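In what comes next, chain A is part of two complexes: it sits with chain B in the first one and with chain C in the second one.
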Partner chain A sequence: MAETALAPLPGRTTRRIRVATSVTIVVAVALAVLIVPPLAQLDQQAVDLSNKLHPPSWAHPFGTDDVGRDLLLRCVYGLRVSLLVGLVAALTATVIGTAIGALAGSFGGWPDRVVMRIVDTLSSIPHLLLGIFIVAMFRPGVWPVIISVALTHWISTARIVRSEVLSLRSRPFIDAAVSGGASRVRVIVRHLLPGVLPQAGLAAVLMVPHAMWHESALSFLGLGLPAHQASLGNLVQSARGSLLAGDWWPTLFPGLFLIIPTLALAGIAGAWRDRINPRRKSELML
Partner chain B sequence: MKPRLPWGPMARMTGRRALFAVPVLLTVTFGVFAVAAASPFDPVKAYAGTAGLTASQENLDQLRANLGVDQPLVTRWWNWLTSALQGDLGDSSVMRQPVSDVIVERMGWSVLLAASAFLIAILLGTALGVLAARRPGGWLDRAVSSAAYTLEAAPSFWLGLLAIWLFALKLDLLPAGGLTDAASETITFGQVASHLVLPAAVLGISQLPWFFLYVRQGVTDALAEDPVRGARARGLSERTVLLGHALRSGMLPMLTLIGSRVPELITGALLIETVFSWPGIAAATVEAATSVDFSLLAALTVLATAAVLLGNLLSDLLYGLADPRVAFDG
Partner chain C sequence: MLELTRITAGYDRRAPVVRDVSLIVGHGEAVGLLGPSGCGKSTLAKVAALLHRPDAGTMTLDGTVVRGWRHRAPQEQRTAVGVVFQQPRLSADPRLSLRELIAQPLRSTGRRREVPARVAELAPLVGLSAELLERRPHAVSDGQLQRACLARALVLRPGLLICDEMTAMLDASTTAALVAVVEAYRAESGAALLAVGHDRVLLERWCDRTVRWGERNAESVPLG
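Presenting the complex of A and B:
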């Protein structure tokens, strides 16, 4: 996405603060989605019509929704669902992309050309549209959403891994391994894959917010997770009625829960990229 | 003397791309049919609807034969392809009219929305980009850049909903959605214009970060180059240097790459047209998906792919024109 290397660079201290903030947010998010659900005093599904559509207050910091559920708790649950879907989808996409990219790059020749043609073809369909098509054909649900995100997102990882493999392939240590009698599989697994893992890992971290965005967009369109599962997209979707009646809080907070972790993950990925690739300092990367 | 355009190389590149587009589009159409065949989706049940629950097996088999669903995948794909090439894309079950009519009716509204959004993004992105590039690292630059990154992380449908809340409900300035007022029978220019403002602004602003960051980068780079140094040495005013020299070379890469933004534009339109009930082609895609209208969905997916390929071609042609060092090959 936006790849910018701009002058003047922020100072070392600013960058440290930025990374520290990002890490703190991600840790806080992780703790919240892991710890809050088992400890919560309130049931996030419990309907309490006498409490419906309360604006934010001390008792309900994010207010309550149209059937009286606490929105802070709903958002934490929503983030939990969206994060889980995002993680599984990003991991699947990374595994597919790394495998295909490594095979194409190390075999070369016609397998490489065929794979790259497929990659070119797939990347000329807008991702969300392809996702919508897959989900429409397989009926909305958790697995179709994960599969549709994974099937549309492995492409960029495959491109990155392939080009890394191509540049690693001509290094002397690979020649040494081959002349030492290593099999093709051994060369790929022991010598090529470890070299591309940092790049693939970076791509995976960046893909998590992307995958969360996809899930939210699909759920918002009514093509994602079933309505009873409180993903962030479903929360925004179900808040539409209240919004049109003038109540902003059920819409605002789920969106913020999507933006803040996204920015934090992008901050961490930016710092990580500077580490693997020190010549090019990046700003926030999304 | 006006430089002559390189028509020959441009035509050759267009021809090569058209040749490349044929297998891509064929693969996409076949892929669409293959996914549908592998899915639990059953065209017969979709066609019969609730009547299918009570129909006898004979009737269902008859329907299956009529629809041609009993034939193998490749045959069905080939039949669809040959009739599509003759202009018959089948019938849309959700819109209850031929798919080609749906496309013709709605295409114009989508193009209007997309073009207005692009215009907003280009104008605003250029203005902010120049202002930010004037003092990189200054407060304005830092504020706008942070806003751009935040905006890039914000889902556009969420922005659209908040915009409806603010501008349509609280301030009561603009209509919340649709193409005309509900009571209106005819489509007038004023009605459409007032209904266009919010969706176009939100779609444009969701595309803004890319335009802004590109112009900012381009102008920052141009300010460090020799022509600008020369202009400054000749004693030209800062304003002339910035707008006459740096902006001209800094904006060029962004303008030429507009064509490559088509996928993001389609993605944005899918969400924004739905949020604002804009009667365009992207909203029809979502409706087709919700009610599993395969004919419409397949045609629109292929259409979107063609639009992306066309956008890529356009941006490569413009890029070659703007920068003569780039050859028209590939």
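Presenting the complex of A and C:
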């Protein structure tokens, strides 16, 4: 069975379908979170106790929660908050990580050693724990969550960027730039950073789903956003009690809203990674 | 022009590649440095090009004692030495077109206004057409890329040119063309040359004098 020994690479068509699905989902999600809130006729926070825990129906496609709020609307609002937190946190983390990694890699010597020992120390602490510690220092809100996720997620990017910079730094073309009179800053900005930007961009996109999950985890633990604000973590958290009574919809729909968009984002990032890697190799021709 | 005195250099202090080597290149002189592979000639060339700090020894460039290497050397001192490396593929930033490659030293030293004129002047000298100038390194041959690298080394009109096995990867006709470009530049500017290589025939014909990295006592031979 020689053919089955090696799993065949997914064909071009399969990959295209996968990317197309991911892109469609991400576009749909983006439209939904941008368009639905201003158009919605119901108030997502409107409590209707006579209508509580209704299973999905035409009036409420996702059902209602334990105080009678429309779950579809809550989910869209929750996704909006989670996406915003994910995007801003991932971008901030990438900027911090790229800056630290590029500086450590291009200076080398003792600054590099000090920074990398700090990175090692930070990554030896579970980052959710560190994140909890950071949010606990602020009042609940969107910004503490963003800060907490950003400050705990730059580490992997810093490592990636540093190792890329280290491998680029010893190439003769950097020697040639130094010999041509380029300053330290110019070498970093013109020759080292452009080489690592694709990797850093990819790390940022891969980090968005991760950051969304992190936000949900913090909210689920009651440390993230204030309880009245819809976020996917808060929704799942408040649905916990009714799940035991057999009401599945308040948990299922926010859960799907978290899983499907994050998988779609990860799918796009994966396709992008496959695209840049072979091209980079042929460009450098090593 | 260039005076290296008792240079010890390498990548590990306990096991230096170059030990106690001295070398002098006079004004306008062309010196060939011959030696077998792995003897440390390229390391010595990097020291002379201010790209590698030696562990011991002194270096004088155009009458000034060199106090720092790489970014610790002042810009004027670094740009007074032009370098061409052995492998053009590795010494060209893969993102830049050949035109940008040649222009980089001008841009680094804040002389961007001279770029069009200087590139237009150098390109025909090294034999690069206007069409080739717009291509990126992956779309040209080693020989064409090395021509661009030579143009880059000459663009700031250095007083000393260091060619580290410049022609090792090239065929005979490209070698002849590049050597002719270097010689034409030297004749016109009076620049000195340090050519490193292991092709004895080439270096003896090219240079005013060649010094051999003695195999007998490679560790402490006063060269030149």
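Basically, the second predicted complex is superposed on the first by the 270 of 286 C-alpha atoms of A that agree within 3 Å, B and C clash if a C-alpha of one lies under 4 Å from a C-alpha of the other, contacts with A are read in each partner's own complex, and residues count from 1 in each chain.
Throughout what follows, contacts are C-beta pairs under 8 Å (C-beta built on N, C-alpha and C of every residue); 3 or more make two chains touch, one makes a residue touch a chain.
Since this is a predicted model, take the numbers as computed values, not measurements.
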Give one of first, second, both or neither to describe whether A:Ala136 is in contact with chain B, with chain C, with both, or with none.
first
A:Pro172 contacts which: chain B (first), chain C (second), both, neither?
second
By the touch definition at the top of the document, which applies to A:Ala217: first (chain B), second (chain C), both, or neither?
first
Touched partner set for A:Arg69, first chain B, second chain C, both or neither
neither
Looking at the overlay, what does A:His54 touch: chain B (first), chain C (second), both, or neither?
neither
Give me the intersection of chain A's contacts with chain B and its contacts with chain C, in residue numbers.
283-284
Show which residues of chain A lie in contact with chain C when the two form their complex.
171-173, 175-184, 186, 191, 194-195, 282-285
Could you please specify the touching residues of chain C with respect to chain A in the complex?
46, 49-51, 70-71, 75, 78-79, 81-83, 85, 87, 89-95, 104-105, 108-109, 138, 149, 152-153, 155-156
What does chain A use to touch chain B in their complex?
1-2, 4, 6-8, 10, 117, 120-121, 124-130, 132-139, 209, 213, 216-217, 220-223, 236, 239-240, 243-244, 246, 248, 251-252, 254-255, 258-259, 262-263, 266, 283-284, 286
Contact footprint of chain A on chain B as seen in their complex:
23-24, 27-28, 32, 35-36, 39-41, 136-137, 145, 149-150, 152-155, 157-158, 161-162, 164-165, 169-170, 176, 209-210, 213, 216-217, 220, 262-264, 266-267, 270-271, 274, 285-286, 288-290, 292, 294, 297, 300-301, 304-305, 308-309, 312
